[in-house]
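You will see two complexes here that share subunit A, one where it goes with subunit B and one where it goes with subunit C.
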Partner chain A sequence: MVNTQRNYDAIVIGAGHNGLTNAAFLAKAGLDVLVLEKNPEIGGATISRELHEGWKYSNCSYVCSLFRPEIYQALDLGRHGLEVVPLQGSTTFMQNGDYFGSYHQGPINRREIRRHSKRDADAAVRFNADLMKWCRLIRGFLLRTPPDPASFKMRDAMEFAHLLKQFYKLSESQIYEFIRFFTMSIAEYLEMYFESDVILAHYSGGSIIGTGLGVYSPGTAYVLLHHAMGDVDGNVGSWGFARGGMGSISKAIAGALQAHGGAIRRDAEVAKINVSGGKATGVTLTNGEEVNAKIVISNLDVQRTFTKIMEEKDLPEDVVTKAKNFKIRGSSGKLNIALDGMPSFPALPKGSPLTLGHMHFTDTLERLERAYDDWKDDMWSQDPYVDIVIPTQYDPTMAPPGKHMMSVFVQYCPVEPEGGWTDEKRDAFGATVINQIADYSPDFKDLLLHAEVRTPREIELEVGLTGGNIFQGELTLDQLMFNRPFPGYAQYRGPVKGMYMCSSSTHPGGGVMGAPGANSAREILRDLGKDNTVPEDFGDD
Partner chain B sequence: MTNQTVVIGGGHNGLVCATYLAKAGHKVLLLEARDQLGGPASTTEFAEGFKSSVAHVLHSLNNKVATDLQLGQAGLERGEAVNTIALSADGNHLTLAKNVVSGNGLSESDLATYANFKSDFQAYAKALEPLTMNKPPRLKDMDTQDKFTLGKLGFKLRFGLGKDNMREFLRVGGINIYDVLKDSFESEALMGAIAFDAVMGHHMGPRTPNTVLSYLNHVRGEIYGDQSIPKGGMGQVVNALESAAKKAGVTIRTNAKVAKIKVENSQVTGVQLEGGEQIAATTVVSNADAKQTFINLVGGRQLDAMFSHRVKSVRAKGNVAKLHFAVKGLPKFTGLDENQLCQRLIVCPSLRYAEHAFNAAKYGEFSKNPILEITIPSLKDASMAPDGHHVVSISASFAPYQLKQGWQQGGDDFIATVLSVLEQYAPGISEQIVAKEMLSPVDIEQQYGTSGGHWHHGEIALDQLFMMRPVYGAAQYDTPVDGLFLCGATAHPGGGITGIPGHNAAKRILSMGGR
Partner chain C sequence: MSATQHLDFTQIYHHSPFHDRIEAISQVKSWSAWNGVQTARVFDTVASEYFAARSTTSVMDLTPMEKYRITGPDANEYLNHLVTRDVSKLKPGRVSYVVWCNDEGKVIDDGTIFHLREGEYRLCAAHHQLDWLLLSAEGYDVEIEEETFDIAALSVQGPTSCSVLTAAGIDGLDSLKPFGLIHANLNGFEVCVSRTGFTGDLGYELWCDPEHALAMWDAIFDVKARGLYDVRPLGLEALAMVRVEAGFILPGDDFNPADSTVRAGHDRSPFELGLGWLVNFDKPYFTGKKALLAEKQKPTARQMVKLVVEGNKLPVDSFLFDRKNGKRVGTIKAYTWSPILKANLAFAEIDTKNGVVPQEVWAEIYYSKELEWHSTWAKCSVTDKPFWNPERKSMTPPSAF
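Here is the complex of A and B:
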């Protein structure tokens, strides 16, 4: 049909936060960049939309914890309108009517832990110090390209030497402790510190968000880090709500991209990456239009990239198999709820600031683990773990005056229950969650005006996250670092010349972090012989 | 003070270590609490005329150990290979040999994949051998041996396995067997049968990360030979080890239970027996697990508080109960002939079956549908049962150490549960039973002194392996107490009747000049 004559330097497929970040750094280096987005709105899962009159929802990702401050600074996102409001504390409601609150202020927090267990108050000091140590270490790896352990290239050897040097700053016992942290289950790891059921459950929750693992599955302690890193960044701006919803993040990055001369096209769904003579030459849109470019970067997850928009004949056989076997099972659901007013939580003291933070209703490890057992059997959890935030308390612009928006993240929800999803099953899943909230908030059901229920099916259909997996690929050892997305392809280069990957399927993985997009841009600029515009870590410790 | 080495515990690793040390000139006294050697590999009479042993199949006796100690001359005949038969209630069983699987209904692709899958795992085990057969290297302050081990390991991974296999090993090494099997195979029954070996003896289900490693630990034995039941039964392994030890000059005392390891100024001075007898020693080697050794025998007060904390945190809660049934006549299993009854029979029909079985264990309950490993040792060794009778020996999982209702209460229920599963595969077997015995993990702990009754003296998991087995600070067989060493399954590389921990410990003791 139409063949746009213009030949771009680079096309990025998908205007999620990583695609935009990638494009912004390329544009900053002087490349002529076009971002193609299938939806009428940009942002992918980092989006705010009006779904009920007057209410704006961050209907996928809902808190901003991981976004790399280095990227924020390099792209000057503050100037492009991104403002992050720090979040206050978190609560776990207990079945006996009590609660456990975690506060950001040290002395209050200590008093609250002591209320549940004196021993745990001391343990919390050790725990936080240790966690902080691991965060610092890991943070240094985020904005770097993983080295290939099977390679003999100078660059990989140097990178390994760099990583080893970071490790060797630790004492020998710290190295062992780090390996243990990296390989243990969150429950068993925490049990080395804490004794109180509710505290164990409270700290464990972050480790199962988005993962197809239970609190007793080895490897989950590390996932906690994926959620804690922002928090202990020491950088207040990095853990909280984006004013105006998560969509503000993508808008700010898009602003930076456009300021550097990059372009974005909406309603432009890519059907195929064109390959000719073993080299990517551009893309074909679903309307038949061809757009040419010297390089093509996919922000879709790798399974989508290699099985949906690339042809088998253009790819090495092993990549197709690896893409099919890539583990990208969804395990989470989401409810976005419009409320007529602020719901009450009678367990909390009057005027408690805890409603400003995350709220949870699962108070034992056993309940968390049993919720996982349901998921293993392809059912949604009967007693799910939920992570609730009510951002309108900070940001009244997201709802009409006096009204509120509640975001409910639900773990676990199967990719497909037996017999597949139907609208009835989706609503039954929603009802399970709503009933659980109502158990702790008696006026909740009366205030409920509108609820959007999202299972992995809805998330996949709308955003294009395969299986509804929020990390674009599970965070297990077979899919981390030099194994992410596949061994031998962890350095952002695709199997076809001129084709790259920049999604959360690549190192360091999911979360609204921006790091995969940035790292990918660094590799592209390197291949093109351009000056690097991408920061590495601050290296402040 | 005499220059004496005391080995605590006459399990197979204790015997192996004692023999190596005696051969190298140590004056070795081996003390065994029970009236016979061999620990769980020993044969005991559980009902009049009926005998069995807790460990009932030989998977992985290390070749180097067998050769060094001349176990063949000492009377050990490994016997012919034992296949694994994965039972199906309809009699359509699968037979798994080392690299070949057979059975009706298996696809061509599964048959071919099985051979590749097994040879891949054998290759991984082979590549890890430098690490297996030496003390685990420390990660900082390495000595020459450590650097050599790491260098050799790196070489074997990169050049032994090759680039693609090395990458694949680094990918799957830390994950669960469920995902690996689902990527490779089609048959549920076959996947269940393979997963069985990854979860049996562990606190893990097929979906638990680390099950690839536990499976690798199982397959390691295959690079030394087929799994077998030795001629004359498992007792022959112990007999051979005992005569090798005696020949090397080891003094063996049974009914000598050690109550205390005596330490002065962080230095071992000897042991004290139950009953008060003191035995002086310059070197003490413990075949007991880490908790027994450090917490019960040495005492936490002699040790650094964080070290004790780590030892107490070692996960070693057993999940396997051992059942022995004395039966009249030979039991009939649907679709099996007598020759097949000599093999190792397992019940684990699917991944989901195994996962559900494991789910219960997480909450202190036993499986409603347990996974089973069944042998009939009396077919290989007639002395195990009176004429016209047989012994059916079963390892059943999951039977958690900390059963909520307690094993006093729950024991009979579990026997009934196992029998009802068994009846599905061997209808009528219940009526043949004339006597029975069940050893829960608690019983195994009491009888053999293994904390938690755990097969491997500690879970096979990344955080409890290599330089962290049983805990860092005691992972190179030497311990924070001068002159005290570990030589059992609690130490690298873990459990199974391999003799490797005993071998490595002896090597370490000798390289440290006996100290």
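Here is the complex of A and C:
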């Protein structure tokens, strides 16, 4: 199978969805590609595992929206087993026993907003239109390589001109609003539209997920966009479940990769990228084995890439410094729970469709900010913000009939609590979350069969995300577009010849998009003078 | 909040106060949502409903139309700043058709202002406006309340509508002029009657407390039961025909309301919509004035026009050209076959030549006969007048039929 004497055209380090996507496009272009994965299973943070017999968890990422449909189509992922089913609605439960539901059917959704505020129901029209303006602009850049604003190369100038051209398609007032939007906090932004506390809290959630920022921190408005710019079959802002869990995405991409002749090697952890004469020549595995390749692509986050598997002597000094300073603070935890039946939520009327969607328990901006305050003090939030989904209401493949799997994303959880993580502290974190859920679902604890509790420690140890940061680097303006991962290195080329980056540390960032992997493949094929296999953006108009 | 007032999530569409009657009278059960309210597309057949509006009397539930009550010392001043038309002299008992714009001079919505009683106004709108109305109220001593579902309303339109309503028991219609309103008594409850409508024919709109909604409906349909005049409900599909004949454009259908438009340049000014006559620059201030004054300095690049399309093939979504196989100059926005005029009528947006609207364009029309597709060309003539504007529409007192 794997011939270690062989000189591969390309080695991709890390079989997460971006590594696999990158490799698949390279293999499609005819390259001899090998993907190396440290774990026994592929997928990285896009994985489904059976930790309790009969139950499959989407252990890390848990819903799909941002994955680029262009990649889905180009790699024929449907035929390789991927199916993304739209998820319906969302709810924020309130401390007074009420709730705010966001229904998937428009007329009810509007009436529900009116139940909380007549004005907000009408303001939602303006809010949705404004958000869509920014979504349209950003979406067009996802499958493009950011231009280097300091470069005088024709290509950069042309790309920068394209970027400006798209920007100036906005009207004058839209340009002003957009610039404001990028630098505002989500709380301030939403307060320009809404008055109801629960509606403000409900819409804020998406802007703190995965970030080391609070709802009043400047820059969080953009994170909302990052979560809203995806779509399921053209329904922008919608999220979906991958049938069989998120691991189905990596499996399908791996299927495409193998169909194009690429290979994957599991249990093969890379210790070092080998550099000789200023050029990458391959990798050395932790078992000492060397695998040679003409180019090496790292799907690890940039801090890990440049401080753990590359030697300082092989790198320009500024890259090492920038990698060390790269903002990649973990702030999220995750519980994956096997349930003996469907838990009840007595606040909802019987038969309510709202359990089909995301569920949250934080009903004011203040509680969201307090949850952040705890994280700043190196504690997990005592009253955390959770994003709960129960995909087994749709997906027959993840739990036995009548049983359920609950995915609980938790914001905030520190990289390291005071004194460091211990298993006891991890379980205490889990208990905090379980108790919060039980406050709104009295039979929840009785139904609980098994829970996997993951703090940034577990996420880093297993997946390799530094600090457990789910985006492989904070999504703030200083680390976006041509600043991602750092200025001068935003075009997927590493500081060493033949070395590339394809992880979510690169543009356009995290969120199971596949775009960094695809963009990186396009640049590699360009350098190699090969035909491009990476699709262009479908375009909106 | 105490006990939660749940929504009934099994009832997707809101029910108007006339729901029981509408449900019962619908023969084909063809529903659609109008502002979230269950509304009939067709009750019986489109043709029978169309001819009720043009030949006898048609009745349509207007409850879903957005309604706002505007009161307070600054109510008139506020409204006059909100809309482009001068409504400062709108007397009690009068109604005015208006549009309102954002600061860029792009139309947010159209509607009517009713001066119900001294200092008491109702604004009717096509789309949800509370957010905009409240944002615009900064600095004005006004109270703005959404009352969409606090008022039950019926549109009673057609050549016998005055006779039907008089027979139903409403007095005083003989002297009610177009765009006038009266407060009348119907079988012991109060009904506000305005001589307004969306059909371009003789017609009235009736407004009452939802508590009396069914009694109001029954009083009108009782005229039919008594064998005096035919009265039929009007569905959305027949309405779509008569409103084009009448020359009324529909925000959201024929142009994008500015507040929900995403793409820059996809919203429209009153001038672009052919509604320049609603813009009064003599007013000291109104929202969008500055932008509209600036726009007025340049010739309008494109304009909404009314087209008569030759032949009998409907110009469905057609592109328009300056001549057969010529240069593309526009698109169709709304269209209907007019049974009363035996012509295809359309709203279209066409490019002007330096501000001058070309009087003739050509539509490329695709049509299918028994699943085989064909294409043809039809000459289209621009017209300024409403397609259908009968004398009976404005006669006071109205004729019996």
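Methods note: the second predicted complex is superposed on the first by the 531 of 541 C-alpha atoms of A that agree within 3 Å, B and C clash if a C-alpha of one lies under 4 Å from a C-alpha of the other, contacts with A are read in each partner's own complex, and residues count from 1 in each chain.
Here is the rule we go by: contacts are C-beta pairs under 8 Å (C-beta built on N, C-alpha and C of every residue); 3 or more make two chains touch, one makes a residue touch a chain.
No experiment lies behind these values; they were computed from the predicted model shown.
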item	value
Partner chain in contact with A:Tyr440 - subunit B first, subunit C second, else both or neither	neither
Partner chain in contact with A:Gly97 - subunit B first, subunit C second, else both or neither	second
First (subunit B), second (subunit C), both or neither touched by A:Phe241	neither
First, second, both or neither for A:Arg126, with subunit B first and subunit C second	second
A:Ser173 touches, of subunit B and subunit C: first, second, both or neither?	both
Residues of subunit A contacting subunit B in one complex and subunit C in the other	171, 173
For the subunit B and subunit A complex, residues of the former touching the latter	138-141, 158, 163, 166-168, 170-175, 179, 183, 207-210, 309, 313, 315, 352, 355, 359, 362-363, 461-463, 467-468, 472-473
Residue ranges of subunit A in contact with subunit C within the complex	96-99, 101, 103, 105-108, 110-112, 115, 118-119, 121-123, 125-126, 128-129, 132-133, 136, 169-171, 173-174, 193, 347, 349, 351-354, 541
Touching residues on subunit A, where the partner in the complex is subunit B	149-150, 168, 171-173, 175-176, 179-180, 183-184, 188, 191-192, 213, 216-219, 325, 327, 366, 369-370, 373, 376-377, 476-478, 482-483, 486-488
Partner subunit A, residues of subunit C touching it in the complex	1, 4-7, 9-10, 12-14, 33, 36, 103-104, 127-132, 134, 146, 259-265
